[in-house]
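So, here come the structures, one by one.
Look at the two complexes coming up: chain A is in both, with chain B in one and chain C in the other.
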Partner chain A sequence: MAALSHVLEHRAVQYRRTFRSSVFSSFLSPVLFLTAMGLGLGGYVDRSGGAALGGLTYLQFLAPGLLAATVMQAAAFEATFPIIGGLNWQRTFHAMYATPLSPRDIALGNLVWMAIRLAMIATVFTVVIIAFGAAHSPLVVLGIPVAVLTGMAFGAPIAAYSATQRTPNKFNVIFRFGITPLFLFSGTFFPIESLPGFLQPVAWLSPLWHGVDLTRGLVLGTLGQNPVAMLAHVIVLTTIVAVSTWAAVRTIERRLVRG
Partner chain B sequence: MSENPSTSLIHARGLTKRFGDFTAVDAIDFDVAPAEAFGFLGPNGAGKTSTMRMIGSVSPITDGTLTVLGLDPRINGPQIRARLGVVPQQDTLDTELTVRENLVLYGRYFGLSREECGRRADELLDFAQLTERQNDEVEPLSGGMKRRLTIARALINEPELLLLDEPTTGLDPQARHLLWDRLYRLKQRGVTLVLTTHYMDEAEQLCDRLVVMDKAKIVAEGSPRQLIERYSTKEVTELRFPADVQDSLDGKLDGLAERIERLADRVLLYADDGEAVAVAAHERGLKPETVLVRRSTLEDVFLRLTGRSLIE
Partner chain C sequence: MTLPLRVTPTLMFGSRRALRLIERNLYVYRRTWIVIVSGFFEPLFYLLSIGFGLGRLVGNVPGPGGTEIPYQLFIAPALLASSSMNGAITEATLNFFFKLKYQKTFDSILSTPLSVADIALGELGWALIRGALYTVGFLGVMVILSIGVSPWLLLTLPAALLISFAFGAVGMAATSFMRTWQDFDLIQLVVLPMFLFSGTFYPLDAYPDAFRIVVQLTPLYQGVDLLRSLAVGVVGPSAIVHVAYLTVMGIAGLVVVSRRLDKLLLK
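And now, the complex of A and B:
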């Protein structure tokens, strides 16, 4: 574990350089989104009555989903460029491998750092949710670990894939055909019940939907209404993270050994 | 040279590396003794880097035996790497960090305390002549400075063995000489150096002993001087003719030297007395554009052994 903490130390010193601008943009993004979509668009939505959203204002409905979705986007970014850079551009992972560190230490250290970064983003976002008055339960703070779990359900598999790539050419495909559609259609902006019937099962396959539904339950304090579904969400997300973390360790190791 | 694995820092027998059907290193044998500067000389693609990566315990051997510092890389990789310094062919510096941070954070990977890393970083910055640039970012540094920083970083754990893969490739002559000077100082301090190069002048400057590699095999072994004595003559006479004349030289040079090599742009005549060869050629009525008499180098050894030049 000492080796892993040294990877974290390294990443933290790197991060210190961009800390201010990073925290600022972590604040700015939810403020802009919640103002435009939550208050602006939400004003129109709420005028048509809140029945479709189960009595919630649109802002209350949107905020938790947007938390999970934003963390997912950040995870996709953290799992692509930093990984391919460490293996192919700056080759810092190879430098680490020339020390007593094992490929496993290197892979896990970077994934744990990714989780820490996501936790920072989720924390800032949660503060903004509270400031907008969109939280209705003290359980809102549990939205942070759930958002991180959701993010890692994307970050770990994407990192496993990134380690097999020598150029970023295919990353656009991930963002355009993976991250963006999921961002829009996983119950973030409207309940998936509004989707055409045949598309609803597709939404269930989206890890983001599990994360959005779970985060919403926590932030709004409605968790107790359907405990079995909530537990299922946790199991699905945890399984994805566990399996893909193992896969990321394998692909990063293969790449490091090959040179 | 030590043949005994217990006193060799590196001991290899039948060492082989295959990638699928491709054999990168084909059953090579060598030993490196403590405090020696040992070189792998050969053209690109000869298997030098694959050999270095196996010694560096980051690439598993396919066949044969290899011990590094008396340990087996397959079992003791982390323990071996803890005692090695590695200067890879491509810089792996962290360009998001300053010069100093690159040293300190790297030391942490070897389990050194922050204070110890800081103390060693100061010494190494001085050694690498980078003290004034210590708080600068890495990216604007020149190629030579980056190489010196990479070497300094490789020394942060006070390694017993320093592996350098093509340490001066891509540097200008001044930067190369500065780097050679630093490596020579390390050698004088008793650090064992193992390096690969395709520059014969680098091998002659730095190596006590070297092996010549070609097409995944070792084709010769010895000190630079021994290799030159064994595979070449004392002197070489280089004759350069106009292209059409060179093509019609058939037989006219026969008997002038012990051995004659015809390259695309010149003819090399190998003999112990180069001046005498030049005079004899002149007496035969040959009129080369330029005549150069020089001492034999490792380049001549390589040409003799493989029929090709080192840099193609």
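And now, the complex of A and C:
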């Protein structure tokens, strides 16, 4: 544990120098998205199609979904460029490996830092949701760890993959064909019941859908309506994180030990 | 006044040397063609998700001229306009900066007979070729899904290219002032609000009057309104204003960029 904290310290010192650039993305962007989509477009949705949202306003429907989806996008970013940078560009991971730190410490330390970053983003977003009046339960606070869990269900596997790459060329494909479609079709912007019938089971395969549904249950306090589904979401997400954390430790270790 | 003169002749007659730069980019992307192909899917995914998925809940919205139109028809041209903007901005900011500062691509190009103006034109030409591919693809989807049926739709192609040109030129000009990657957040600070608020996702009548006027002055609104009126087939004199606005913006950007590049590369 002590060894791992040195990795965290390194990332924190690094972050202090560049945090200015993340302020915009983590604070302003939820405000802008909720204003434009939730209030602006939401006005038109509420006028004509509110019934499909189960009596919610569009803002209430959108906010929790967007929380989980935003954290997912941040995770995908944190799991690509910083990882390939540490292993190929700046080679900070190799430098760490030259100290008493083990590859396991390095891998886990970076994943824990990722979770901390995601928690920061999720916290800011949650504050914005409350300020917009879109939260309906004190459980909204639990939306933060759930959003982080959702994010890590993407961050850990993508980090495991990034460690096998020597150039960032494939990342574009992950973002365009993985992250963007999931962002758009996982029940974030509209209920998956609006998808064509054959696509609905596909949405169940999306880790983001599990995260969105769970976050929505917490923010709106509707968790109790379907406790079994909520438990299933937690199990699915935790399993993905556990398995892929193991995988990330393996791939990072392999790169450090074998080069 | 010498600057515009130095730029315009190459613009009007085309410099064969700028084509070499386009050829270079073709070679570079031969290995990573998937990056180019993937650009086509982004607006398509948005169209299917927001246009059809969410569009079901929205129903009809007031379009150009005040007639009610289906949400898919409302949003498709706006997505085309904003993806033209985004594509041009990415190419002209991040990629351009990387070649300028890190890869030193332009320094090596200048050791050949190519001039700084050739570089500016070649890069812009490349961005436009990419933009044209995406636009044709997207228009094809619009026709297949029978979203837009107006004969004016054909003019959407040059109009979308005009948007790419305007944003690409201004983006390159802005990039020539950038010092670090962190400075690019300023560009996001301009691009994201424009993307969300320029009448892209919903009509402007949701706004108070003062704010509506501000929005109407933004370049993306000009582009969105131009493409939307072409797609719907309700074309008025405002289209000419939009075209003039975007043309002036692009030429101004080009003038700045060729002056700045002279300084940065030849000093």
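Quick notes on this structure:
We take it that the second predicted complex is superposed on the first by the 255 of 259 C-alpha atoms of A that agree within 3 Å, B and C clash if a C-alpha of one lies under 4 Å from a C-alpha of the other, contacts with A are read in each partner's own complex, and residues count from 1 in each chain.
Criterion: a residue touches a chain if its C-beta (ideal position, glycine included) is under 8 Å from a C-beta of that chain, and two chains touch if they have at least 3 such contacts.
Bear in mind that the values here come from a model prediction, so they are computed numbers and not experimental data.
With chain A as the common reference, chain B sits beside chain C without any clash. Comparing chain C and chain B on the residues of chain A they touch gives the larger count to C. In the superposition on chain A, A:Ala119 contacts neither chain B nor chain C. In the overlay built on the shared chain, the residue A:Val173 is in contact with chain C alone; chain B does not reach it. In the superposition on chain A, A:Leu256 makes contact with chain B only, not with chain C. Of the two partner chains placed around the shared chain by superposition, chain B is the only one that A:Tyr97 touches, whereas chain C remains out of contact. In the superposition on chain A, A:Leu195 makes contact with chain C only, while chain B stays out of contact range. In the superposed model, A:Ala247 lies in contact with neither chain B nor chain C.
Centred on chain A, the angle reaching out to chain B and chain C in the chain A superposition, using CA centres, is 90 degrees in steps of 10.
Contact with chain B, but none with chain C, is seen for A:Gln14 once the two complexes are overlaid on the shared chain. In the superposed model, A:Ala2 lies in contact with chain B only, and not with chain C. Taking the two complexes aligned on chain A, the least Cα distance separating chain B from chain C is 12 Å.
Across the superposed pair, chain B and chain C touch chain A at no common residue. Across the interface of their complex, chain A is touched by residues 31-32, 34-35, 38-39, 41-42, 45-46, 48-50, 53-54, 56-61, 181-182, 185, 188-189, 192-193, 196-197, 201-202, 206 of chain C. Interface of chain A with chain C (complex): residues 18, 20-21, 24-25, 28-29, 32-33, 35-37, 40-41, 43-45, 48-50, 52-53, 58, 169, 172-173, 176-177, 180-181, 184-185, 189-190, 194-195.
Listed in rising order, the residues of chain A touching chain B in the complex are 2-3, 6, 9-10, 13-14, 17, 90-92, 94-102, 256-259. Listing the residues of chain B that touch chain A in their complex gives 49, 53, 56, 58-60, 77-79, 81-82, 84, 86, 88, 90-97, 101, 105-106, 108-111, 153-154, 157.
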